[in-house]
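Two complexes, one shared chain (chain A), two partners (chain B, chain C).
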Partner chain A sequence: MSNWVTIRGRRLSFQVPRRTIAVLAALFLVNVIVMIACIGFGSTFISPLAVIRSLLGIGDSSNDMIIFTLRMPRVVIAVMVGSMLAVSGALLQGIVRNPLTSPDVIGISGGASLGTIVFILYFSHVSIRFMPISSIAGAFGAALLIYLFAYRGGITPLRLVLIGIGMATALTAVSYMLILTASFTPTAVAVKAFTFMTGSIYGVSWTKDVLTLLPWLVVLMPVALIYARHLNVQELGDEVAASVGSSVNAKRTMLLFVSVALAGAAVAIGGTINFIGLMAPHIARKLVGPAYGGVIPVSALIGSLVLLLSDLVARVAFIPLDIPAGVFTAAVGAPFFVYLLYRHRHS
Partner chain B sequence: MNNLLRTSPQKTAGLVIGIFVLLVCIVSSIVFGVADIKWRTVVDSFTAFNGSQEHLIIRTARAPRAFIAAIAGAALAVAGALMQGITRNPLASPSLFGINAGAAFFIVAASAFFGASGLSAFATLGFIGAAFTALLVYVLGSIGKDGLTPLKVTLAGASMTAFFSSLSLGVLLTGGQTFDQVLYWFVGSVAGRDMATFNSAAPYMGAALLGSFVLARHMNLLALGEDVATGLGQKTVFVKMGAAVVIVLLAGGSVSIAGPIAFVGIIIPHVTRYLVGIDYRWTLPYCAVLGGILLLAADIGSRYIAFPKEVPVGVMTAILGVPFFVYIARQGGRAHE
Partner chain C sequence: MKGASRVSAIQADKLTLSYGKKPIFSDLDLRIPEGRITVFIGSNGCGKSTLLRSLARLLKPEQGTVLLGGSEIAKLSGKEIARRLAILPQGPLAPEGLTVHQLVKQGRYPYQSFLQQWSREDEAMVNKALQATGMDELAGRSIDSLSGGQRQRAWIAMTLAQNTSTILLDEPTTFLDMAHQIEILDLLFDLNERENRTVAMVLHDINLACRYAHHIVAVKAGAVYAEGAPEEIVDEKLIREVFGMECQVTRDPILGTPLVIPYGKGRKVTARE
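Coming up: the complex of A and B.
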């Protein structure tokens, strides 16, 4: 029996290792179980069976309201935001060829959150559908600045990361300043903006958040999957990639575009949730090896799992208080980062 | 060396001018604000206190604020200079190493979970938190064969900052703190402090500043390289330990009275090296004076940038600091050149 499964289509065909399929299936199952658990837990406990009955449309009508208007949107957003951040991080690590980067470490998320805050404060009369555009514009602005500052006859990963970290701090400071100086900001809005900057998916709704984020997810994710193979060849080095016929710069620009847009859109809804973009790709590589065709989807599922669990703890551990999920992703992510530093100590 | 001031008389004159500017900044900090106060009134409030409202504002709000800004700025700048010397890393500073965030977290967590209160407890906790985080980041940044590289230590510091400030936020939100308090423990601010706050940490910080001037001679030797210093008879371990204690007192103390203010420890040592070169006997006093001036000036500016609202001074220093950061990072993370 071959270790590969070959899928042939008319335009696109690819080989997938069996192991990747097994991992994807297992992760998918775990995701579903955790989603059901997330829907069940809360100030009112709903048993898993009752959750499944409600989802199938044969449940108790008193549960339906809690499940469909309060908890479901939040779970769906956790899946969407978590997977987008994870894929963005996986692409970025491949582009920069540095395993210690992620959109939040090098300031792209900071730019996106600045864009979002500008939107919240000054464009509140515009439809919320445009909020991701503002965030993505912020993310691109930040990425461009970081790139320009880091460019000195070329880009080294070291300079990019260092300057990114500095920019992240500065962008956060500018966001604080905007929040505090907007003369019309009542304290409640300021607190909301502040919570947003730590990353929270509190109080999301179908129409406002899920529908706003969905188009970006639907467009960007497949592009990420299709372009993943270009990362494989780029990992070999620019010269090798060019000599085997890959248009390195064009592909890299496209990959960077997708990565930044994914992070920007995710931040628009979920705020700057730290460390998912860093952690998920590493766990994915541990599970399915370094080929990006497998890393991208597995990262997405792991990212969603991490955010689901973080948000569950954030929501349930201190009832009735609702802690931003970003607090818990950081609590898990920082030790993970330490582990990464330790593991890469010889490289 | 390409520094601006070369001879000793020039440097002395520069330092005297610096101290004069520092004093002017302290007085300006007391005078300017939402309620402008006359210079004469400031002097009167200390020489002939009459209990009037203006005198009360000066003695309970404006003066402590000015003193705290001055000493916190001085402490952060000197701590930054010492850290850059010991780690041989031009980006080392209390904020980037996560020391500020760590100290803030220890204070926040201890007051929430163990009921720690009172200013002296805050100062002690600040020291413990600063020591713990400094050690942690140092060890993390030194993992591996190539030792303490700027990249690793910056990444370790950045991740520890994210870690500790997220935890602080969690603790603060579960404790139902006000927005002002949250902000204070996040970006640092010198507003709304009283004289008791200043007194709680100032003695330690003052002692640590003096201690750093004593260390200056030994730091010069250490800067030649560990081997050379050992060869010349220096017990490098003691010098490093002494410097570590000074750094912890300075950073922990400034966090306990002003919160985690960023970038002062990066900006000032670099400006100072440009002015007077790399002799620590000059750079450390210059750092102290210029650090105080920077934080006072940033604080005065923070009152006017969105008048009559105030912006925490930590926000101002973060924005001011980035051009320096970018410049240093573009130099490839090398010091002094």
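Coming up: the complex of A and C.
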């Protein structure tokens, strides 16, 4: 049996490893099962069967209320934010050819959360709908600063990473300083800002959060997939990429734009949920190898799975307390980062 | 000169190159003869790699033009160039876990689009490249698991999949043991013989350069010191001027090409009667 599935039509042709198809199908199934579990667990337990009945529109009305207004939006947001952070990280790791990179490590998420903190502290009288815009602007601001500092007739990966790490630290410091020194900040607002800094998808709603995030996801994810083959040649080094005819800097700028926008939009809704962008692409590469046509969708499904599970634990383990999901992604992610540092200690 | 009478695959006119602010070549004219093997030799840091990279548009010249098969390279699109000319840079690195097949596939990039990622021609060319380099058996292996020689063959297969008439290589034999150096150079020699591809490369080993090259370009301190067939230009004077080394030039007992034997020190063994 061949290891590849070849699809050829009149205008299109693709070659997909059989393994990637199997992994995608399995991860999709696991995601669905975990989603049903996430909808079921909580202060009121709803059995998987009852969840499925409600989803099919034949459940009882008290369950419907809990499922559709309280738990579903949160589950859907976990899927969206998790997958967007994961794909953002996958793109970024490819762009800078550095496996120790992710939007939170190099300061893009830091910029997004600074944008959001500024909004929470100073513009809370303005409609909450503008909050994501402030956050995405922050992400682009940070990316632009990193770019300006790192650009010297081209961007070398190492320079980008070093400047990014400094930027991440500085931006987080500025965020905390703003929260702590704004003397007029009511405690409630400060708590909200701190919760946001840890990354929480508590109390999200269809209209406020899901609909705000959806357009970004729908536009950016396909672009990421279309650009997968450009990223594949960039992974071989700038000179090889140029040798096979890729316009390296133009493609890289576009990829950076997509990665930053994905992270910025995800942070606006989910807060600074760390390490998903770092971990998911690594797990994806272990499963399907380094080709980006596979890494991007597999990362998305893993990112979604990690955030679903983290949020489930955060929500259920300490009832009635609702812990920010970011605490648990960090609990898994920080040791993983240390492991990566250890493994790459010689390179 | 033999080379000059042939058609040029690549022609450089009045090329001025700098690396940062440091000028390296000025007003350089050069021709890479079509269908031949050209080898650049010279001491470390003489600019031969820079020159090769500028011929492949990886380095923009300050002044002057590079013509690829008669058309100005600066006016061609990246993909157009990539369908005519492939360059393998020195010591390329593949991402962890990439298989030989996945690497060789990337050579098809200039022929692909988002919807056409694996045409019949792509498949045929990749298979041909794998066969020509003897890598078909190893196609499913990851690059990191290969020996140095096999790895270099995989990269050469990628440039072959580009299906270009001209291939440039920057020190393709560096870090390889002698057997693997010969293996790589034999492969390039065969490609030139059988498919009439133009090969131009930088080599460190003068004796191997003399053995495989039809045309040698000796570079010294930002200028071409001499060029021509090895048997016509490689002598004691050239080695002294270009490499700053005293030697005796004799003939390779197997192929008759020039063989450079350095003076310098070493044990002396007198043959037993």
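The definition used in the following text is that the second predicted complex is superposed on the first by the 313 of 347 C-alpha atoms of A that agree within 3 Å, B and C clash if a C-alpha of one lies under 4 Å from a C-alpha of the other, contacts with A are read in each partner's own complex, and residues count from 1 in each chain.
The criterion applied here is as follows: a residue touches a chain if its C-beta (ideal position, glycine included) is under 8 Å from a C-beta of that chain, and two chains touch if they have at least 3 such contacts.
These figures come from a predicted structure and were not determined experimentally.
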Joint occupancy of chain A by chain B and chain C, clash or fit: fit
First (chain B), second (chain C), both or neither touched by A:M254: neither
Touching partner for A:N232 - first (chain B), second (chain C), both, neither: second
Partner chain(s) touched by A:V316 [first = chain B, second = chain C, both, neither]: neither
Which of chain B and chain C A:V240 touches, first, second, both or neither: second
Contacts of A:I21 with chain B and chain C, given as first, second, both or neither: neither
Partner chain(s) touched by A:P324 [first = chain B, second = chain C, both, neither]: first
Chain A-centred angle between chain C and chain B, computed on Cα centres after superposition, in steps of 10 °: 90
Partner chain(s) touched by A:A137 [first = chain B, second = chain C, both, neither]: neither
Partner contacting more residues of chain A (chain B vs chain C): B
Partner chain(s) touched by A:R11 [first = chain B, second = chain C, both, neither]: second
Smallest distance from any CA atom of chain C to any CA atom of chain B, in Å, after fitting: 17
Touch list for chain C against partner chain A, complex: 53, 56-58, 77-83, 86-89, 92-99, 102-103, 105-107, 109-110, 112, 114-120, 122-123, 140, 159, 162
Chain B - residues contacting chain A, complex: 91, 96, 140, 143-145, 150-152, 154-156, 158-160, 162-163, 166-167, 169-170, 173-174, 176, 179, 182-183, 187, 262-263, 305-306, 309, 311-312, 314-315, 318-319, 321-322, 325-326, 329-330, 332-333
Chain C partner contacts - residues on chain A that touch it in the complex: 3, 6, 8, 11-15, 97, 226, 229, 232-233, 235-237, 239-240, 242-247, 285, 289-291
List of chain A residues in touch with chain B within their complex: 100, 104-105, 149-150, 152, 158-159, 161-163, 165-170, 172-174, 176-177, 180-181, 183, 187, 190-191, 194-195, 198, 274-275, 318, 321, 323-324, 326-331, 333-335, 337-338, 341-342, 344-346
